Amino acid sequence: MNGTEVVFVVLSLLAVGSAVLAMTSPQLVHAALWLVVTLGAVAGCFVLMTAEFVAWVQVLVYVGSVVVLVIFALMLTRQSGRTTAEVTGNRWTAAVLGLVAAVGLGATMVAGFAGERIEGRRIGTAASIGEALFTDWVLPFEILSGVLLAALVGAIVLSRSGSDR
Amino acid sequence: MIVAALAVPFVVGLLLVLGRRFVSGRAAAWIGVAATTVSLVLVAAVWEGREGVSGEVDVAWIEPVGARLHLGLTAVSWPFALMTAFIAVLCCLWLVADDTSPALVGLVLVIGASALGVFGSLDALLLFVFFELALVPMWFVIAWWSDADRDVAHRAATRFLLFTVTGSALLLVGIVVAAVEGGSLELTALRPTAVAIVLITLGFAVKTPVVPLHTWLPDAHSSAPTVGSVLLASVFLKLGTYGLIVFVLPSDHLGVVAPYLAVAGSVGIVWSALACYAQDDLKRLIAYSSIGHMGFVVLAISTRSEAGLAAAVFGSVAHGVITGLLFFAAGSMKDRYGTTSMAGIGRGLYGRAPWLAATFVLAAVASLGLPGLAGFWGEVLSLRAAYDVGSVLTRPVAWTALGLALVGIALTTAYVVRAVRLLAQGEPSALEADRDLGRREVVVMGALVAVVVVLGLVPQLLLDLYGPVYVGVAR
Amino acid sequence: MSLLYPLLLSSALFGIGVYGVLARRNAVLVLLGVELMLNSVTLNLVAFDAWFADALHTGQVLTLFTIALAAAEIGLGLAIVLALFRAVRTVDVDEVGR
Amino acid sequence: MTIPIDWTVAGPATIVLVGALVALMVDAFYPRRTWLGSGLPATVAGVVATAELVRGDATGTPFAFSLVVLVGTLFVVVASNVMNFENAMPPGEYHFLLMSAAAGALLMVGARDVVTLVVALELLSLPSIALVGLRQGDRDAIRAAWTFFLVSVVSTAVTLMGVSLLYGVTGTLDYALLGRALVDPAVPDGVVSVAVVMTVVGLLFKLGAVPFHLWVPDAYGGASVMVAGFLSAVSKAASLGALLVLLSVALPAAQDDWQPVVAVVAALTMTVGNVGALRQDDAIGLLAWSSVAQAGFLVAPAAVVSSSYALPAAAQYVAVYALANLVAFAALAVVLRLRGSTRLDDLRGMARNDPWMGVPLVMAALTLAGFPPAVIGLVTKFVVIRPVVDGDHVWLAIIMGVNVMLGLAYYLRLVVTLCERPVGEPYVSPSPPISVRFAKSTVLIGAAALVVLSAWPDLLLSHLP
Amino acid sequence: MSRRWGYVGLTAVLAVVVAVWAVPEVMRHGYFGRYVGASRPGVDPPLPSLSPDLFLFPQAAQIVLLAVGVGLLVQIYSTAYLGRHPRYRSYALVIVLFLLGMIAVVGTTNLWVLLVGWEVMGLCSYLLIGHEWETAPARTGAAKAFLVTRVADLGLVMAIIVIGETYGTYDIVGAQVAQADGTRHATLIGLLVLVAVIGKSAQFPLHTWLPDAMPGPTPITALIHAATMVAAGVYLASRLFFLYADSQLVLTLMAGGAAVTMLMGALFALTSSDLKRALAWSTVSQLALMLAAVAAGGAEAGLDHLVSHGVFKALLFLGCGCVMLAVGSSALSAMGGLRRSMPVTFWTMTIGFAALAGLVPTAGFFTKDSVLHAIEVATDGDHGLAPGVARALLVVALVTTFVTAAYATRLWVLTFLGPVGADRADRADHEVREQPPAMTGPLVVLAVATFALSVGQPLHLGTGLLSTAVAGAGVATVLLLARRGSALDRSPAPLTSELWLDRPFSRWVPAAAAPLARGVVDLDRDAVDVYPRGGAALVAVVSRGLGLAQTRNVQRYATVLAVGVVVIVVVGVVLR
């Protein structure tokens, strides 16, 4: 186990721990903040896996905007006098399914990729990713812009109150 | 010509349904008579002999699936087609009355034309289309023009429809399998595998119906109006037997289903006869008796022999005319007394309406297979085929079926005698409605009686189609 | 670095995300579960991309797309949740359907 | 190496997207905000895109499914006029979202790599979700949108997980390369199986296949009628097309993994859908469940995609299914607008007292049931069963047969209800506004097409792949 | 009146035509003369047809002549007997139809034509027994007769089928030709024929329908249930004898059945309290005698007796009809002392009874003599029948001869001699008169024929003397008893109730049939119909369940989705 791996494992443990807290915390805002930690830790993992650009995007998009959005939404939908943070009666089923998913996927990974190592020969810099994006992946990229626009318009039109027309 | 034979009643029928507000019932019925007569004449005239196909029409239809508009009549289908056209004429004649609904005439025409289409199709998909085409009109005929309670009629009609479409759905799959195997939808090119044969047999067995798939029949028959019952019995059940003859009988895998068919057919004979013995409703009785007659046909088919083929065709046609006659007679009684309950009609019909009673008794004894009348030859040929075992059954199975069939014949006599005794004989209980046959009834029933007697005395008219020099006409 | 580390982390996050989606009572937090699931996917993709040293950067490109899609989804999702809240005055998933 | 843009696919999609934007713009700047104002650019874009598609050199399955998508979208656009002056519906956004989704559908069918597929899938999904929830102030609509949304994103996540594994196994996401890479015996079988199954889930979800069907009745019931029609016809057609291409081009080597799954899912889907439809008392609910069942029929040929009959069969079936379903939904939209109810009891006798809507509805129901006189429905049933038999899945064919029967049970109930003698007050059709007449005309044109196809099925069957 | 004679005329034309055809055949000899068809043993026979292959051999010609002759007489007789009946027309037409059926049976070599005639006769019999359908006994009797004979007819149908399959032809003469190559399936064919014969000729155990057929008009009884139809069974047995002559089993069964029936019938006749019923039982007994001859290999003797029996039994029944019309009843208790008031009837019936008793010089004596002789010949064991069986048969036949003579005398005495019967004595105002010539005429004709048929009959001295002695003893015994004033109408209970042999037919079968049939209907509704109903119910339940699954709770949906994925993955990956 070399140094990178040690860091990776630490980040992993951080990510998993905060994720568990984010999914179980009774405090809504705490949950959102724990998620920030998770996402940040994952971004760190990205860096360790040579994906620098992706890591930055992760931090910017998730930590910077998504979580803020989420927190706003939590505020806006706060119901007075009651906490809605606890989990539902579905939780045991959910736990079993979550466990099955994790274990199953983990087993698959082990079965398929045990012993493989990441050498880190190509660094995912902004330049290299940008090149790939604008030569090979133009079409999906353009489509993605459509998706974002459509989602935006959809979000706007849905969140507009029914009475203002 | 064969296209015209189909198209004329079909188009006229559709026009009558659509334009039902613009014609009186009587006029519509006469129009129907004209259309069906044209059809009958064409079907009769198209005949070119038992070798080969008469009036063949073969046009490209759906190239990608290999379906063609392939029409034509063979030695097997021609009798069926002729009988259907004939029955359609009589049904229309029967409807010549003031209180007839033009839409009913239209539907009768459509149903008749679809059945003709089934018999005239030489392409499996086309056949299937025609097979299904008549079902919805039949639903309406049963459900709307029934004399029974509305809910009862609806339920009976729906049962009929669901049973039939269950069968036909399996049939469709069977046809697909056979078509994929044979590479074409031509009837002659189909190569049903064992699975396909089971499916196809099930499909047609529901329609025929073979015990224990028969429970829709009594309800449907007893709820339907007179023409509906006649069409159901004379034409619809024949779709099933015809299908069995055309699809199942020539197949190499007949042996897979043959024992079951034989036993089910012969059990049906006994079962239906016993059920008939306990009926009070005349139409239910006739319905159950149909199951027995179809049992003979199915038994004959299961043997696959020359005699069996002849038996199946003859039995089907004979059942068509005889049961048509019986239902018309029952319809006459219903017109008079408003019921088909034997208790309701009362006894001593010999004295109250002698000709009606005589017609009924003649039809009844024809139905029990009295030699010299049409019903006999089909039965006796079935017995012969079963005795001869045929090419697919084993002797124990065939002879067990034979024994059951014999028991069934005896029981048939019992219930016919009972019905005659309850209805025709006995101290006449005169009712106000007593009235002997009217002109319309005389014409319709007279025509059927003539056919019953002629076919009974000159069975060669039909059987010559299946003489020894001509084997494999089912293909 | 062993390829299995990111993959196992991804599996764990996916499982936790599934749990969150299925068990969280608050609709907004359910959405967070979805985010977690998507993040585990991106982790996979990046790991494989690095492992293959992919000339097309398929993995990282799809990661970017996934992040963008996640953003679009969360945007639309939050809009729906807000509209839902306005319509039924709750974001409790058990009560929304009643 | 680079992946070039395939303009035979991207061309029509681009036109449609442009149409979507123009519609949004027109709506934004055109003061009266009528339905026609933004509908017109959408229609024009649809027509031009169709022309472009036909002119271009797209062939085979992508062409057929793209055509179905475009024609279906056009149908929906024109029929949506029925919602004119319905306050809850903002026309500009409606058309924008609709056209965006259509573009997504087109791109999905045309995708040649999984990345494009996933993004296009989202382009179809997100606007669709928004469309479902678009009826402002309608609680059912927003609930339906929520249901649809959450299940959709979860299934997307599952799909993406599958995609990531697929990528991990092969190192590529290009269909052709995937197809080649998977043949390599060195790829780990277990991972491939998991990857393939999870990848397919997203498409099965869009198709509404069991067990991913639960959103369908809710979404169809909550959405406005024409949106439901869009989901049932266009969205399904696109998903099926994408699924077929994916399975036949990218994953044939993994056939053993997905074939039994898809076959069983198909069987379950049609059965569950039909059984669910049996007890519906509302025509929309009936059609919703029936479209679940139809999804089973749609998926069935995908299970035997190796049969040479499979791809054309799926295309032909989906074309007829989409047309009939759209006719039905459009007719119901008109009925809902004019009568305010689509309950079966309220439709009684419609074929008699309102033949211009009732008879097309009958025709559509018969087509969906596969029952003459709608010969085309029957023929396509035949067509869709054929590859299944050819692919040695006779058991599935038998289940399909049984389901044809189950389907008949409720379709014919609808038909019979429509043909019933009307009870109560004779219904007098109000003179509808011009926009409703647009919708009516689509119904009639669609029904006429069904009649023509019934009379001569070869028209469709010989010309669609 | 003239219309009635129209039907007589029709019958007469038929009779003349038949006579022109048949009379020359009476003299002709040789079977195979005109057969031109081909038959190939073991090859599938052609499909059945009703080709009119007319063919008569001498005795068949006699039978045809007997049928049309009696038929014509019966028609004449009926103009008076039944002429005012409202349904005379259908009655007369059915008689004509019946005669056609009989001609078909006797005058063809085509087995299908034979079968059609056979069944047409059965149907006519049914219709005519039920002529008085207002009355319950007529309905019951008709139904019973039809049912029993029809069950038996199935034997004939199957026999024909087997013959066809065995000899490749449905032609009797053709079968004879083919049979020259070897007899096969003799026992099967024989048994099937036996079933047919037993039913049609009312032999034990299917004998009870014939006495119950007596509610039919008496002329019909004379024609159908004495002279022709029931005798057709005997005709068939002898006609097809060559096919089963090799089968010891069949012959023994036939002989045994005949022995039981002849004695039983005679005893029932002896003890019957009803003149017509007694005559019916006598018919049963006489038919058994004929069958005994056939079984013994003396088919010709049997047919000879058939003809003579047809004549004198028709005479007796017609006479009985006259008496019944005169006294208004057929009960013996209503008769007595009719000798003077009805002289023609008395004398003709006396001749008839003499023939029945087998007294010289009536035809009855000669033909019965032939029968006895045939049986006696068979005791040598060369004619198929085992010698022991033949000897037993001979003894029974002689006993029967004794009983026959006894009951003939008893009936004669009770009807015509003696005091006026108790039932009629009360009604002194009822004037007993001789019947009109239309009725007595046929009696006279038949009486003459009873003598005329004796002409040319062979005489076998041994059996002749023996039977005369036995018959004489029978007559003498009864006369002696009558003279001593013994009551002739008292008899043991088992015999008056006819050994309760009718129970299975009149009580058990109907009692079993109705519940069985109802049970079938119930089963049809409740058991067979389970699968569609159960299927529908199941689907409905599942459908309801699916509706309940639509909880609108999105987490449940997502759970189902996740479970679905897991299951699919597990099934698709792990289990594969």
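Letters A, B, C, D and E mark the chains as written, and numbering starts fresh at 1 in each.
The working rule: a residue touches a chain if its C-beta (ideal position, glycine included) is under 8 Å from a C-beta of that chain, and two chains touch if they have at least 3 such contacts.
The structure presented is a predicted model; accordingly, all values stated were derived computationally and were not measured.
The chains that touch subunit A as well as subunit E are C, D.
Centroid analysis (C-alpha atoms only) places E farthest from subunit D. The pair of chains sharing the greatest count of C-beta contacts is A-C. Of all chains, the one whose Cα centroid sits at the greatest distance from that of subunit C is E.
In this view the innermost chain, defined by its CA centroid being closest to the centroid of all protein CA atoms, is B. Spacing of subunit B relative to subunit C, judged by their CA centroids, is 65 angstrom. Centre-to-centre separation of subunit B and subunit D, using mean CA positions: 43 Å.
Look at where the CA atoms of subunit A average out and do the same for subunit B: the two points lie 70 Å apart. Measuring from the averaged C-alpha position of subunit A to that of subunit C gives a distance of 5 Å. Across the assembly, subunit D contributes 3, 115, 119, 122, 126, 129-130, 133, 137-138, 142-143, 145-147, 150, 154, 158, 161, 165, 168, 190, 194 as residues in contact with two or more other chains. For subunit B, residues that reach two or more other chains under the stated contact definition are 162. Touching two or more other chains at once are residues 552, 554-556, 558-559, 562-563, 569 of subunit E.
Chains touching one another, given as pairs, are A-C, A-D, A-E, B-D, B-E, C-D, C-E, D-E. Put simply, subunit A touches subunit C in their complex at residues 2, 4-5, 8-9, 12, 15-16, 19-20, 22-23, 28, 31-32, 35, 38-39, 42, 45-46, 48-51, 53-54, 57-58, 61-62, 65-66, 69-70, 72-74, 76-77, 79, 84-91, 93-95, 97-103, 105-106, 108-110, 113-122, 124, 128-129, 132-133, 136-137, 140-141, 144, 147-148, 150-152, 154-156, 158-159, 161. On the subunit D side of its complex with subunit B, the touching residues are 312, 371-373, 375, 378-379, 381-383, 385-386, 389-390, 394, 397-398, 400-405, 408-409, 412, 415-416, 419, 421, 457-458, 461-462. Those residues of subunit C lying in contact with subunit A across their complex are 1-29, 31-33, 35-36, 39, 42-43, 46-47, 49-51, 53-57, 60-61, 63-65, 67-76, 78-83, 85-86, 89-94.
Looking at the complex, you find that subunit D touches subunit E at residues 143, 146-147, 150-151, 154-155, 158, 190, 193-194, 197-198, 201, 205, 210-212, 214-215, 217-218, 256-258, 260-261, 264-265, 272, 275-279, 406.
Interface of subunit A with subunit E (complex): residues 88, 90, 93-94, 97, 100-101, 104.
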